[in-house]
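One chain, subunit A, appears in both complexes that follow, with subunit B as partner in the first and subunit C in the second.
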Partner chain A sequence: MRTSLLIAAIFIAASGAGRAETPRDFLTRFEKEAGTAASAERGARFFTARHGGEWSCASCHTERPTQAGRHAKTDKPISALAPSANGERFTDAAKVDKWFRRNCNDTMNRACTAQEKADVIAWLLSFK
Partner chain B sequence: MENAVKTHLTLAALLATLTLPALADRLPVPNHPLYREECGSCHLAYPPQLLDAHSWLQVMNGLDKHFGSDASLDEKRRAAIADFLGRNAGGRKTGVTADAKGQPLLRISDTAYFQRKHREVDASVWKRPAIKSPANCAACHVNAAAGDYSERSIRIPK
Partner chain C sequence: MPSTSQTVRVWDLPTRLFHWSLAASFLVAFITAESEKWRDIHVLAGYGLAGLIAFRVLWGFVGSRHARFADFLPTPGKVVAYLESLLAGRPRHYLGHNPAGAVAIFLLLAGGLIVAASGYATYNEIGGHLLEEVHDVAANGMMALVIIHLAGVVVSSWLHHENLVKAMITGRKQTHHENPAG
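For the complex of A and B:
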(Lines of atoms letter the chains of each structure in order from A and count residues from 1; the text may use other names and numbers.)
(Lines give C-alpha, C1' and ligand atoms only; values in the text may rest on other atoms or scores of the structure.)
Protein backbone atom coordinates (compact mmCIF):
# COMPACT_ATOMS: atom_id res chain seq x y z
CA MET A 1 0.00 0.00 0.00
CA ARG A 2 2.69 2.45 1.07
CA THR A 3 4.87 1.46 -1.85
CA SER A 4 2.11 2.03 -4.37
CA LEU A 5 1.37 5.43 -2.88
CA LEU A 6 5.02 6.29 -3.11
CA ILE A 7 5.17 5.12 -6.70
CA ALA A 8 2.08 7.16 -7.49
CA ALA A 9 3.66 10.21 -5.90
CA ILE A 10 6.87 9.80 -7.88
CA PHE A 11 4.84 9.33 -11.04
CA ILE A 12 2.90 12.52 -10.51
CA ALA A 13 6.03 14.47 -9.66
CA ALA A 14 7.86 13.11 -12.71
CA SER A 15 5.13 13.87 -15.23
CA GLY A 16 5.52 17.64 -14.93
CA ALA A 17 2.79 18.36 -17.50
CA GLY A 18 0.27 16.52 -15.36
CA ARG A 19 0.65 19.09 -12.60
CA ALA A 20 -2.80 20.49 -12.07
CA GLU A 21 -3.15 24.23 -12.54
CA THR A 22 -6.24 26.37 -12.33
CA PRO A 23 -7.41 29.21 -14.59
CA ARG A 24 -6.66 31.63 -11.69
CA ASP A 25 -3.01 30.47 -11.70
CA PHE A 26 -2.73 31.54 -15.34
CA LEU A 27 -4.43 34.85 -14.66
CA THR A 28 -1.94 35.54 -11.85
CA ARG A 29 1.01 34.45 -13.97
CA PHE A 30 0.13 36.72 -16.93
CA GLU A 31 -0.78 39.68 -14.69
CA LYS A 32 2.59 39.35 -13.02
CA GLU A 33 4.38 39.21 -16.39
CA ALA A 34 2.41 42.25 -17.63
CA GLY A 35 2.95 44.20 -14.43
CA THR A 36 -0.67 45.44 -14.39
CA ALA A 37 -4.09 44.17 -13.36
CA ALA A 38 -6.22 42.46 -16.00
CA SER A 39 -9.40 43.97 -17.41
CA ALA A 40 -12.29 41.70 -18.46
CA GLU A 41 -13.75 44.56 -20.49
CA ARG A 42 -10.55 44.97 -22.50
CA GLY A 43 -10.47 41.18 -22.89
CA ALA A 44 -13.97 41.17 -24.42
CA ARG A 45 -13.02 43.86 -26.95
CA PHE A 46 -9.78 42.09 -27.83
CA PHE A 47 -11.50 38.73 -28.27
CA THR A 48 -14.26 39.90 -30.58
CA ALA A 49 -12.31 42.36 -32.77
CA ARG A 50 -10.24 41.56 -35.83
CA HIS A 51 -6.62 42.60 -35.71
CA GLY A 52 -5.74 43.01 -39.37
CA GLY A 53 -6.21 39.34 -40.23
CA GLU A 54 -9.17 37.41 -41.56
CA TRP A 55 -10.20 36.03 -38.16
CA SER A 56 -10.96 37.26 -34.65
CA CYS A 57 -10.78 34.88 -31.69
CA ALA A 58 -14.57 34.80 -31.84
CA SER A 59 -14.51 33.50 -35.44
CA CYS A 60 -13.81 30.04 -34.00
CA HIS A 61 -14.77 30.39 -30.34
CA THR A 62 -17.94 32.57 -30.81
CA GLU A 63 -18.72 35.75 -28.86
CA ARG A 64 -20.38 33.65 -26.12
CA PRO A 65 -17.49 31.48 -24.91
CA THR A 66 -19.80 29.35 -22.76
CA GLN A 67 -21.01 27.83 -26.04
CA ALA A 68 -19.20 25.44 -28.32
CA GLY A 69 -17.62 27.01 -31.40
CA ARG A 70 -16.56 25.79 -34.81
CA HIS A 71 -13.23 26.09 -36.60
CA ALA A 72 -13.74 28.83 -39.21
CA LYS A 73 -11.91 26.92 -41.92
CA THR A 74 -12.48 23.22 -41.19
CA ASP A 75 -15.88 23.46 -39.44
CA LYS A 76 -14.76 21.07 -36.69
CA PRO A 77 -16.67 21.66 -33.42
CA ILE A 78 -14.58 23.24 -30.62
CA SER A 79 -15.77 22.84 -27.05
CA ALA A 80 -16.48 25.95 -24.97
CA LEU A 81 -13.52 28.08 -23.88
CA ALA A 82 -14.98 29.50 -20.64
CA PRO A 83 -13.80 27.45 -17.63
CA SER A 84 -17.30 27.53 -16.10
CA ALA A 85 -18.57 25.59 -19.12
CA ASN A 86 -15.54 23.35 -19.64
CA GLY A 87 -13.49 22.26 -16.63
CA GLU A 88 -10.49 21.23 -18.74
CA ARG A 89 -9.73 24.76 -19.91
CA PHE A 90 -6.64 26.49 -18.50
CA THR A 91 -5.42 23.51 -16.51
CA ASP A 92 -2.31 22.57 -18.53
CA ALA A 93 0.49 25.08 -19.15
CA ALA A 94 1.90 23.37 -22.25
CA LYS A 95 -1.54 23.37 -23.85
CA VAL A 96 -2.33 26.97 -22.95
CA ASP A 97 1.03 28.23 -24.25
CA LYS A 98 0.76 26.20 -27.45
CA TRP A 99 -2.68 27.51 -28.36
CA PHE A 100 -1.96 31.15 -27.48
CA ARG A 101 1.14 30.89 -29.69
CA ARG A 102 -0.75 29.42 -32.66
CA ASN A 103 -4.00 31.35 -32.41
CA CYS A 104 -2.42 34.76 -31.79
CA ASN A 105 -0.17 34.15 -34.78
CA ASP A 106 -3.15 33.18 -36.96
CA THR A 107 -5.26 36.19 -35.99
CA MET A 108 -2.60 38.90 -35.61
CA ASN A 109 0.60 37.62 -37.18
CA ARG A 110 2.38 38.10 -33.86
CA ALA A 111 2.45 36.73 -30.33
CA CYS A 112 -0.07 38.00 -27.77
CA THR A 113 1.31 40.17 -24.99
CA ALA A 114 1.04 39.02 -21.38
CA GLN A 115 -1.54 41.75 -20.83
CA GLU A 116 -3.72 40.56 -23.72
CA LYS A 117 -3.60 37.01 -22.36
CA ALA A 118 -4.46 38.14 -18.82
CA ASP A 119 -7.37 40.25 -20.16
CA VAL A 120 -8.79 37.33 -22.16
CA ILE A 121 -8.64 35.01 -19.18
CA ALA A 122 -10.24 37.62 -16.90
CA TRP A 123 -13.08 37.98 -19.41
CA LEU A 124 -13.52 34.18 -19.77
CA LEU A 125 -13.64 33.88 -15.97
CA SER A 126 -16.41 36.48 -15.80
CA PHE A 127 -18.87 33.95 -17.28
CA LYS A 128 -20.58 32.00 -14.54
CA MET B 1 -6.03 -32.30 -33.23
CA GLU B 2 -3.53 -29.66 -32.34
CA ASN B 3 -2.34 -29.61 -35.90
CA ALA B 4 -5.84 -29.11 -37.20
CA VAL B 5 -6.27 -26.07 -34.96
CA LYS B 6 -2.98 -24.67 -36.17
CA THR B 7 -3.93 -25.08 -39.79
CA HIS B 8 -7.21 -23.36 -39.16
CA LEU B 9 -5.50 -20.48 -37.45
CA THR B 10 -3.01 -20.10 -40.29
CA LEU B 11 -5.81 -20.24 -42.81
CA ALA B 12 -7.77 -17.63 -40.92
CA ALA B 13 -4.74 -15.36 -40.71
CA LEU B 14 -4.09 -15.80 -44.40
CA LEU B 15 -7.67 -15.01 -45.22
CA ALA B 16 -7.55 -11.90 -43.07
CA THR B 17 -4.44 -10.55 -44.79
CA LEU B 18 -5.94 -11.33 -48.17
CA THR B 19 -9.27 -9.62 -47.55
CA LEU B 20 -8.26 -6.60 -45.46
CA PRO B 21 -6.51 -4.51 -48.13
CA ALA B 22 -9.49 -4.99 -50.45
CA LEU B 23 -11.79 -3.10 -48.07
CA ALA B 24 -11.35 0.40 -49.44
CA ASP B 25 -14.15 1.67 -47.23
CA ARG B 26 -12.34 0.92 -43.93
CA LEU B 27 -9.46 3.20 -43.02
CA PRO B 28 -8.91 2.79 -39.28
CA VAL B 29 -6.34 5.14 -37.75
CA PRO B 30 -3.85 3.00 -35.78
CA ASN B 31 -4.13 3.82 -32.10
CA HIS B 32 -1.70 6.63 -31.23
CA PRO B 33 -2.98 9.07 -28.58
CA LEU B 34 -0.45 11.78 -29.44
CA TYR B 35 -1.42 11.74 -33.12
CA ARG B 36 -5.11 11.86 -32.24
CA GLU B 37 -4.63 14.72 -29.83
CA GLU B 38 -2.33 16.89 -31.93
CA CYS B 39 -3.62 16.16 -35.42
CA GLY B 40 -7.25 15.78 -34.45
CA SER B 41 -7.77 19.16 -32.76
CA CYS B 42 -8.48 21.34 -35.82
CA HIS B 43 -9.86 18.61 -38.07
CA LEU B 44 -10.37 14.86 -38.20
CA ALA B 45 -7.19 12.87 -37.52
CA TYR B 46 -6.80 11.79 -41.15
CA PRO B 47 -6.03 8.16 -42.03
CA PRO B 48 -2.22 7.88 -42.41
CA GLN B 49 -2.85 5.35 -45.21
CA LEU B 50 -3.96 8.12 -47.60
CA LEU B 51 -0.58 9.79 -48.19
CA ASP B 52 2.81 8.22 -48.85
CA ALA B 53 5.79 8.68 -46.52
CA HIS B 54 7.31 11.51 -48.59
CA SER B 55 4.09 13.49 -48.41
CA TRP B 56 3.79 13.06 -44.64
CA LEU B 57 7.40 14.08 -44.13
CA GLN B 58 6.74 17.27 -46.09
CA VAL B 59 3.56 17.99 -44.07
CA MET B 60 5.47 17.44 -40.82
CA ASN B 61 8.31 19.74 -41.92
CA GLY B 62 6.00 22.69 -42.51
CA LEU B 63 3.66 22.80 -39.54
CA ASP B 64 4.27 26.48 -38.79
CA LYS B 65 2.70 27.30 -42.18
CA HIS B 66 0.07 24.60 -42.42
CA PHE B 67 -2.61 25.40 -45.03
CA GLY B 68 -2.87 28.96 -43.76
CA SER B 69 -2.71 27.99 -40.08
CA ASP B 70 0.01 27.83 -37.46
CA ALA B 71 0.06 24.18 -36.34
CA SER B 72 3.59 24.30 -34.89
CA LEU B 73 4.61 21.71 -32.29
CA ASP B 74 7.54 21.20 -29.97
CA GLU B 75 10.28 19.12 -31.59
CA LYS B 76 9.76 16.04 -29.42
CA ARG B 77 6.10 15.68 -30.36
CA ARG B 78 6.71 16.64 -33.97
CA ALA B 79 9.36 13.93 -34.37
CA ALA B 80 7.21 11.26 -32.67
CA ILE B 81 4.25 11.99 -34.94
CA ALA B 82 6.43 12.16 -38.06
CA ASP B 83 7.75 8.71 -37.15
CA PHE B 84 4.23 7.33 -36.62
CA LEU B 85 3.01 8.71 -39.96
CA GLY B 86 6.06 7.41 -41.80
CA ARG B 87 5.49 3.91 -40.43
CA ASN B 88 1.79 3.87 -41.28
CA ALA B 89 1.88 5.74 -44.57
CA GLY B 90 0.04 4.38 -47.57
CA GLY B 91 1.51 3.20 -50.78
CA ARG B 92 -0.28 0.06 -51.80
CA LYS B 93 -3.71 1.63 -52.00
CA THR B 94 -2.92 5.17 -52.99
CA GLY B 95 0.30 4.63 -54.92
CA VAL B 96 2.89 7.40 -54.93
CA THR B 97 1.25 10.65 -53.82
CA ALA B 98 3.20 13.17 -55.86
CA ASP B 99 2.33 15.70 -58.55
CA ALA B 100 3.37 15.44 -62.21
CA LYS B 101 6.77 16.95 -61.38
CA GLY B 102 7.38 14.43 -58.61
CA GLN B 103 6.78 16.90 -55.76
CA PRO B 104 5.03 15.23 -52.78
CA LEU B 105 1.37 16.25 -52.53
CA LEU B 106 0.35 17.71 -49.17
CA ARG B 107 -3.39 17.26 -49.52
CA ILE B 108 -5.17 13.90 -49.44
CA SER B 109 -7.85 15.58 -51.52
CA ASP B 110 -5.31 16.28 -54.29
CA THR B 111 -4.28 12.63 -54.69
CA ALA B 112 -5.36 10.53 -57.68
CA TYR B 113 -6.84 7.96 -55.29
CA PHE B 114 -9.10 10.54 -53.61
CA GLN B 115 -10.17 12.04 -56.91
CA ARG B 116 -10.97 8.63 -58.38
CA LYS B 117 -13.12 7.74 -55.36
CA HIS B 118 -14.98 11.07 -55.55
CA ARG B 119 -15.47 11.25 -59.33
CA GLU B 120 -19.21 11.41 -58.85
CA VAL B 121 -19.20 14.32 -56.42
CA ASP B 122 -19.99 17.52 -58.33
CA ALA B 123 -17.54 20.43 -57.90
CA SER B 124 -20.31 22.67 -56.50
CA VAL B 125 -21.07 20.16 -53.71
CA TRP B 126 -17.66 20.68 -52.05
CA LYS B 127 -18.43 24.37 -51.59
CA ARG B 128 -21.77 23.96 -49.78
CA PRO B 129 -21.75 25.88 -46.46
CA ALA B 130 -22.13 22.67 -44.41
CA ILE B 131 -19.19 21.04 -46.22
CA LYS B 132 -16.81 23.94 -47.01
CA SER B 133 -13.98 21.81 -48.37
CA PRO B 134 -13.07 18.28 -49.54
CA ALA B 135 -10.86 18.09 -46.43
CA ASN B 136 -14.00 18.02 -44.27
CA CYS B 137 -14.40 14.22 -44.55
CA ALA B 138 -16.77 13.94 -41.59
CA ALA B 139 -19.32 16.28 -43.19
CA CYS B 140 -20.31 13.42 -45.52
CA HIS B 141 -18.69 10.34 -44.00
CA VAL B 142 -20.58 10.52 -40.72
CA ASN B 143 -18.51 7.73 -39.10
CA ALA B 144 -15.16 8.90 -40.47
CA ALA B 145 -13.75 9.29 -36.95
CA ALA B 146 -14.12 5.50 -36.57
CA GLY B 147 -12.43 4.88 -39.93
CA ASP B 148 -15.71 3.99 -41.66
CA TYR B 149 -15.95 5.37 -45.22
CA SER B 150 -18.51 2.81 -46.44
CA GLU B 151 -21.32 3.82 -48.75
CA ARG B 152 -24.02 3.26 -46.13
CA SER B 153 -22.38 5.79 -43.79
CA ILE B 154 -22.45 8.66 -46.30
CA ARG B 155 -24.93 11.53 -45.91
CA ILE B 156 -24.21 14.48 -48.16
CA PRO B 157 -25.49 17.70 -46.49
CA LYS B 158 -27.76 19.88 -48.66
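For the complex of A and C:
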Protein backbone atom coordinates (compact mmCIF):
# COMPACT_ATOMS: atom_id res chain seq x y z
CA MET A 1 0.00 0.00 0.00
CA ARG A 2 2.68 2.45 1.00
CA THR A 3 4.77 1.39 -1.97
CA SER A 4 1.94 1.95 -4.43
CA LEU A 5 1.21 5.36 -2.88
CA LEU A 6 4.87 6.25 -3.24
CA ILE A 7 4.90 5.13 -6.86
CA ALA A 8 1.76 7.14 -7.56
CA ALA A 9 3.34 10.19 -5.91
CA ILE A 10 6.48 9.82 -8.04
CA PHE A 11 4.39 9.57 -11.21
CA ILE A 12 2.37 12.66 -10.30
CA ALA A 13 5.52 14.60 -9.47
CA ALA A 14 7.30 13.44 -12.61
CA SER A 15 4.40 14.22 -14.92
CA GLY A 16 4.15 17.72 -13.47
CA ALA A 17 0.48 17.23 -12.64
CA GLY A 18 1.09 18.88 -9.29
CA ARG A 19 1.90 22.19 -10.94
CA ALA A 20 -0.45 22.24 -13.90
CA GLU A 21 -1.04 25.74 -15.21
CA THR A 22 -3.00 27.39 -17.97
CA PRO A 23 -1.67 29.61 -20.76
CA ARG A 24 -3.39 32.58 -19.05
CA ASP A 25 -1.34 31.92 -15.90
CA PHE A 26 1.84 32.36 -17.94
CA LEU A 27 0.51 35.51 -19.58
CA THR A 28 -0.23 36.94 -16.15
CA ARG A 29 3.13 35.86 -14.77
CA PHE A 30 5.15 37.44 -17.59
CA GLU A 31 3.02 40.61 -17.61
CA LYS A 32 3.66 40.96 -13.90
CA GLU A 33 7.39 40.44 -14.39
CA ALA A 34 7.45 42.96 -17.24
CA GLY A 35 5.35 45.49 -15.37
CA THR A 36 3.29 46.29 -18.49
CA ALA A 37 0.31 44.83 -20.29
CA ALA A 38 1.02 42.44 -23.15
CA SER A 39 0.31 43.34 -26.75
CA ALA A 40 -0.78 40.60 -29.17
CA GLU A 41 0.12 42.88 -32.07
CA ARG A 42 3.67 43.34 -30.79
CA GLY A 43 3.82 39.59 -30.23
CA ALA A 44 2.88 38.93 -33.87
CA ARG A 45 5.64 41.21 -35.15
CA PHE A 46 8.15 39.74 -32.73
CA PHE A 47 7.22 36.18 -33.69
CA THR A 48 7.61 36.63 -37.42
CA ALA A 49 10.65 38.94 -37.50
CA ARG A 50 14.26 37.86 -37.40
CA HIS A 51 16.37 39.30 -34.60
CA GLY A 52 19.86 39.19 -36.03
CA GLY A 53 19.95 35.41 -36.14
CA GLU A 54 19.25 33.02 -38.98
CA TRP A 55 15.80 32.05 -37.69
CA SER A 56 12.65 33.74 -36.49
CA CYS A 57 10.16 31.94 -34.24
CA ALA A 58 8.10 31.42 -37.39
CA SER A 59 10.97 29.60 -39.13
CA CYS A 60 9.93 26.50 -37.23
CA HIS A 61 6.47 27.36 -35.86
CA THR A 62 5.20 29.07 -39.09
CA GLU A 63 3.30 32.36 -39.17
CA ARG A 64 0.06 30.45 -38.53
CA PRO A 65 0.66 28.92 -35.08
CA THR A 66 -2.61 26.99 -35.20
CA GLN A 67 -0.92 24.75 -37.75
CA ALA A 68 1.84 22.24 -37.22
CA GLY A 69 5.31 23.61 -37.87
CA ARG A 70 8.45 22.05 -39.24
CA HIS A 71 11.91 21.96 -37.65
CA ALA A 72 14.16 24.27 -39.68
CA LYS A 73 17.09 21.90 -39.30
CA THR A 74 15.68 18.39 -39.27
CA ASP A 75 12.39 19.00 -41.12
CA LYS A 76 10.53 17.05 -38.45
CA PRO A 77 6.94 18.13 -37.71
CA ILE A 78 6.37 20.33 -34.64
CA SER A 79 2.87 20.31 -33.18
CA ALA A 80 0.91 23.57 -33.22
CA LEU A 81 1.91 26.24 -30.72
CA ALA A 82 -1.42 28.05 -30.25
CA PRO A 83 -3.25 26.69 -27.18
CA SER A 84 -6.55 26.65 -29.09
CA ALA A 85 -5.05 24.11 -31.49
CA ASN A 86 -2.93 22.19 -28.98
CA GLY A 87 -4.15 21.88 -25.40
CA GLU A 88 -0.74 20.80 -24.10
CA ARG A 89 0.95 24.11 -24.88
CA PHE A 90 1.75 26.44 -21.96
CA THR A 91 0.53 24.09 -19.22
CA ASP A 92 3.86 23.22 -17.57
CA ALA A 93 6.21 25.83 -16.12
CA ALA A 94 9.33 23.70 -16.45
CA LYS A 95 8.64 23.08 -20.11
CA VAL A 96 7.73 26.71 -20.87
CA ASP A 97 10.92 27.98 -19.21
CA LYS A 98 13.08 25.35 -20.87
CA TRP A 99 11.86 26.03 -24.39
CA PHE A 100 11.81 29.84 -24.09
CA ARG A 101 15.41 29.60 -22.87
CA ARG A 102 16.54 27.36 -25.74
CA ASN A 103 14.55 28.94 -28.55
CA CYS A 104 15.27 32.55 -27.56
CA ASN A 105 18.98 31.72 -27.62
CA ASP A 106 18.59 30.16 -31.06
CA THR A 107 16.70 33.09 -32.55
CA MET A 108 18.11 36.09 -30.67
CA ASN A 109 21.37 34.92 -29.13
CA ARG A 110 20.02 36.11 -25.79
CA ALA A 111 17.25 35.40 -23.33
CA CYS A 112 13.83 36.86 -24.10
CA THR A 113 12.48 39.57 -21.83
CA ALA A 114 9.34 38.98 -19.82
CA GLN A 115 7.54 41.48 -22.06
CA GLU A 116 8.54 39.59 -25.22
CA LYS A 117 7.26 36.35 -23.73
CA ALA A 118 4.01 37.96 -22.58
CA ASP A 119 3.48 39.50 -26.04
CA VAL A 120 3.99 36.17 -27.81
CA ILE A 121 1.61 34.34 -25.48
CA ALA A 122 -1.00 37.11 -25.89
CA TRP A 123 -0.72 36.72 -29.65
CA LEU A 124 -0.94 32.92 -29.49
CA LEU A 125 -4.03 33.23 -27.28
CA SER A 126 -5.70 35.50 -29.85
CA PHE A 127 -6.13 32.50 -32.17
CA LYS A 128 -9.47 30.86 -31.59
CA MET B 1 58.28 -2.71 -28.50
CA PRO B 2 56.68 -1.04 -25.48
CA SER B 3 56.61 -4.21 -23.43
CA THR B 4 58.99 -4.18 -20.49
CA SER B 5 59.17 -6.30 -17.40
CA GLN B 6 57.79 -3.44 -15.30
CA THR B 7 54.53 -2.86 -17.10
CA VAL B 8 51.61 -5.12 -17.73
CA ARG B 9 48.82 -4.84 -20.27
CA VAL B 10 45.58 -4.05 -18.44
CA TRP B 11 43.19 -2.43 -20.94
CA ASP B 12 42.87 -4.02 -24.37
CA LEU B 13 42.66 -1.85 -27.48
CA PRO B 14 38.87 -2.17 -28.01
CA THR B 15 38.28 -1.13 -24.38
CA ARG B 16 40.49 1.94 -24.78
CA LEU B 17 38.96 2.91 -28.11
CA PHE B 18 35.52 2.46 -26.57
CA HIS B 19 36.42 4.58 -23.55
CA TRP B 20 37.66 7.59 -25.49
CA SER B 21 34.98 7.32 -28.19
CA LEU B 22 32.28 7.20 -25.52
CA ALA B 23 33.79 10.21 -23.76
CA ALA B 24 33.92 12.10 -27.07
CA SER B 25 30.39 11.21 -28.16
CA PHE B 26 28.95 12.10 -24.74
CA LEU B 27 30.81 15.41 -24.70
CA VAL B 28 29.65 16.27 -28.23
CA ALA B 29 26.06 15.30 -27.41
CA PHE B 30 26.14 17.30 -24.18
CA ILE B 31 27.52 20.43 -25.84
CA THR B 32 25.18 20.27 -28.84
CA ALA B 33 22.11 19.66 -26.68
CA GLU B 34 21.31 23.31 -26.06
CA SER B 35 20.68 24.55 -29.62
CA GLU B 36 18.37 23.40 -32.41
CA LYS B 37 21.10 24.42 -34.88
CA TRP B 38 23.15 21.43 -33.76
CA ARG B 39 20.27 18.98 -33.54
CA ASP B 40 21.63 16.80 -36.38
CA ILE B 41 25.03 16.47 -34.71
CA HIS B 42 23.38 15.84 -31.35
CA VAL B 43 21.30 12.97 -32.75
CA LEU B 44 24.33 11.53 -34.55
CA ALA B 45 26.37 11.63 -31.34
CA GLY B 46 23.49 9.90 -29.57
CA TYR B 47 23.43 7.06 -32.10
CA GLY B 48 27.20 6.76 -31.71
CA LEU B 49 26.87 6.60 -27.95
CA ALA B 50 24.18 3.91 -28.16
CA GLY B 51 26.25 1.82 -30.57
CA LEU B 52 29.34 2.14 -28.40
CA ILE B 53 27.46 1.01 -25.31
CA ALA B 54 25.99 -1.95 -27.19
CA PHE B 55 29.53 -2.92 -28.12
CA ARG B 56 30.77 -2.47 -24.55
CA VAL B 57 28.03 -4.68 -23.12
CA LEU B 58 29.05 -7.42 -25.57
CA TRP B 59 32.75 -6.82 -24.81
CA GLY B 60 31.93 -7.14 -21.11
CA PHE B 61 31.33 -10.83 -21.77
CA VAL B 62 33.85 -11.71 -24.47
CA GLY B 63 36.63 -9.12 -24.01
CA SER B 64 39.99 -9.65 -22.37
CA ARG B 65 40.34 -10.24 -18.63
CA HIS B 66 39.94 -6.72 -17.16
CA ALA B 67 37.33 -5.72 -19.73
CA ARG B 68 34.95 -8.46 -18.59
CA PHE B 69 32.13 -7.53 -16.20
CA ALA B 70 32.89 -10.63 -14.11
CA ASP B 71 36.31 -9.11 -13.38
CA PHE B 72 34.93 -6.01 -11.70
CA LEU B 73 31.37 -6.84 -10.63
CA PRO B 74 30.98 -4.61 -7.55
CA THR B 75 29.35 -6.24 -4.53
CA PRO B 76 28.20 -3.97 -1.67
CA GLY B 77 30.85 -5.50 0.57
CA LYS B 78 33.66 -4.76 -1.88
CA VAL B 79 32.44 -1.19 -2.44
CA VAL B 80 32.21 -0.44 1.29
CA ALA B 81 35.63 -1.99 1.99
CA TYR B 82 37.18 0.02 -0.83
CA LEU B 83 35.61 3.31 0.27
CA GLU B 84 36.78 2.67 3.84
CA SER B 85 40.33 2.06 2.65
CA LEU B 86 40.04 5.23 0.56
CA LEU B 87 38.87 7.30 3.56
CA ALA B 88 41.74 5.90 5.60
CA GLY B 89 44.07 7.30 2.94
CA ARG B 90 45.34 3.83 1.99
CA PRO B 91 43.07 2.71 -0.84
CA ARG B 92 43.39 -0.91 -1.79
CA HIS B 93 45.05 -1.17 -5.18
CA TYR B 94 43.32 -2.94 -8.03
CA LEU B 95 45.05 -3.60 -11.32
CA GLY B 96 41.66 -3.52 -13.08
CA HIS B 97 38.71 -1.34 -12.07
CA ASN B 98 38.37 -0.64 -8.36
CA PRO B 99 34.87 -1.29 -6.88
CA ALA B 100 33.91 2.39 -6.72
CA GLY B 101 34.93 2.88 -10.32
CA ALA B 102 33.03 -0.26 -11.24
CA VAL B 103 29.82 1.20 -9.76
CA ALA B 104 30.33 4.32 -11.86
CA ILE B 105 30.89 2.21 -14.98
CA PHE B 106 27.66 0.26 -14.57
CA LEU B 107 25.75 3.45 -13.77
CA LEU B 108 27.23 5.17 -16.83
CA LEU B 109 26.39 2.22 -19.08
CA ALA B 110 22.82 2.12 -17.75
CA GLY B 111 22.55 5.92 -17.91
CA GLY B 112 23.80 5.87 -21.48
CA LEU B 113 21.16 3.34 -22.50
CA ILE B 114 18.42 5.36 -20.78
CA VAL B 115 19.59 8.66 -22.27
CA ALA B 116 19.89 7.19 -25.78
CA ALA B 117 16.54 5.39 -25.66
CA SER B 118 14.67 8.39 -24.23
CA GLY B 119 16.43 10.68 -26.70
CA TYR B 120 15.43 8.46 -29.61
CA ALA B 121 11.84 8.38 -28.34
CA THR B 122 11.72 12.15 -27.89
CA TYR B 123 13.26 12.80 -31.30
CA ASN B 124 10.69 10.54 -32.94
CA GLU B 125 7.90 11.92 -30.78
CA ILE B 126 6.96 8.73 -29.03
CA GLY B 127 6.64 8.89 -25.28
CA GLY B 128 6.01 12.60 -25.00
CA HIS B 129 6.89 15.02 -22.28
CA LEU B 130 7.78 12.49 -19.59
CA LEU B 131 10.55 10.88 -21.68
CA GLU B 132 11.87 14.34 -22.61
CA GLU B 133 12.34 14.97 -18.90
CA VAL B 134 13.88 11.53 -18.39
CA HIS B 135 16.33 12.40 -21.17
CA ASP B 136 17.36 15.66 -19.49
CA VAL B 137 17.65 14.18 -16.01
CA ALA B 138 19.59 11.11 -17.21
CA ALA B 139 22.02 13.25 -19.23
CA ASN B 140 22.67 15.54 -16.27
CA GLY B 141 23.08 12.51 -14.02
CA MET B 142 25.66 11.11 -16.42
CA MET B 143 27.54 14.42 -16.44
CA ALA B 144 27.58 14.35 -12.62
CA LEU B 145 28.99 10.80 -12.75
CA VAL B 146 31.62 11.88 -15.28
CA ILE B 147 32.74 14.68 -12.97
CA ILE B 148 32.93 12.25 -10.02
CA HIS B 149 34.83 9.83 -12.28
CA LEU B 150 37.35 12.55 -13.21
CA ALA B 151 37.82 13.46 -9.56
CA GLY B 152 38.27 9.76 -8.76
CA VAL B 153 40.93 9.43 -11.47
CA VAL B 154 42.86 12.39 -10.05
CA VAL B 155 42.62 11.17 -6.43
CA SER B 156 43.45 7.55 -7.27
CA SER B 157 46.35 8.54 -9.51
CA TRP B 158 47.74 10.65 -6.71
CA LEU B 159 47.24 8.11 -3.91
CA HIS B 160 48.59 5.19 -5.95
CA HIS B 161 51.38 7.16 -7.65
CA GLU B 162 50.21 5.96 -11.03
CA ASN B 163 49.01 7.85 -14.08
CA LEU B 164 45.58 6.37 -14.78
CA VAL B 165 44.95 8.63 -17.78
CA LYS B 166 48.13 7.36 -19.42
CA ALA B 167 47.10 3.80 -18.60
CA MET B 168 43.82 4.32 -20.47
CA ILE B 169 45.85 5.55 -23.48
CA THR B 170 48.65 2.98 -23.56
CA GLY B 171 46.70 0.18 -21.92
CA ARG B 172 49.62 -0.57 -19.60
CA LYS B 173 50.18 -0.16 -15.86
CA GLN B 174 53.24 -0.41 -13.67
CA THR B 175 53.40 -3.60 -11.63
CA HIS B 176 55.51 -2.46 -8.69
CA HIS B 177 52.40 -2.34 -6.51
CA GLU B 178 51.30 -5.36 -4.57
CA ASN B 179 47.96 -6.37 -6.05
CA PRO B 180 47.05 -9.83 -4.86
CA ALA B 181 43.52 -9.63 -6.14
CA GLY B 182 44.55 -8.16 -9.47
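By our rule, the second predicted complex is superposed on the first by the 110 of 128 C-alpha atoms of A that agree within 3 Å, B and C clash if a C-alpha of one lies under 4 Å from a C-alpha of the other, contacts with A are read in each partner's own complex, and residues count from 1 in each chain.
As a convention for this text, contacts are C-beta pairs under 8 Å (C-beta built on N, C-alpha and C of every residue); 3 or more make two chains touch, one makes a residue touch a chain.
These numbers come from a predicted model, not from an experiment.
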Fit or clash between subunit C and subunit B when superposed on subunit A: clash
Partner chain(s) touched by A:Asp92 [first = subunit B, second = subunit C, both, neither]: second
First (subunit B), second (subunit C), both or neither touched by A:Asp75: first
Superposed model, subunit A: greater residue contact from subunit B or subunit C: C
First, second, both or neither for A:Lys32, with subunit B first and subunit C second: neither
Which superposed partner A:Asn105 touches (first subunit B, second subunit C, both, neither): both
Contacts of A:Arg50 with subunit B and subunit C, given as first, second, both or neither: neither
Superposition clash, subunit C versus subunit B, among 2-10, 74-82, 92-100 or 110-118: 110-118
Interface residues of subunit A shared between complexes with subunit B and subunit C: 71, 73-74, 76, 94, 98, 102-103, 105-106
Interfacial residue positions of subunit B with respect to subunit A in the complex: 42-44, 67-74, 130-133, 135-136, 138-139
Partner subunit C, residues of subunit A touching it in the complex: 14-16, 54, 60, 71-74, 76-77, 88, 92, 94-95, 98, 102-103, 105-106
Contacting residues of subunit A [partner subunit B, same complex]: 71, 73-76, 94, 98, 101-103, 105-106
List of subunit C residues in touch with subunit A within their complex: 34-37, 39-40, 43, 123, 125, 129-130, 132-133, 136
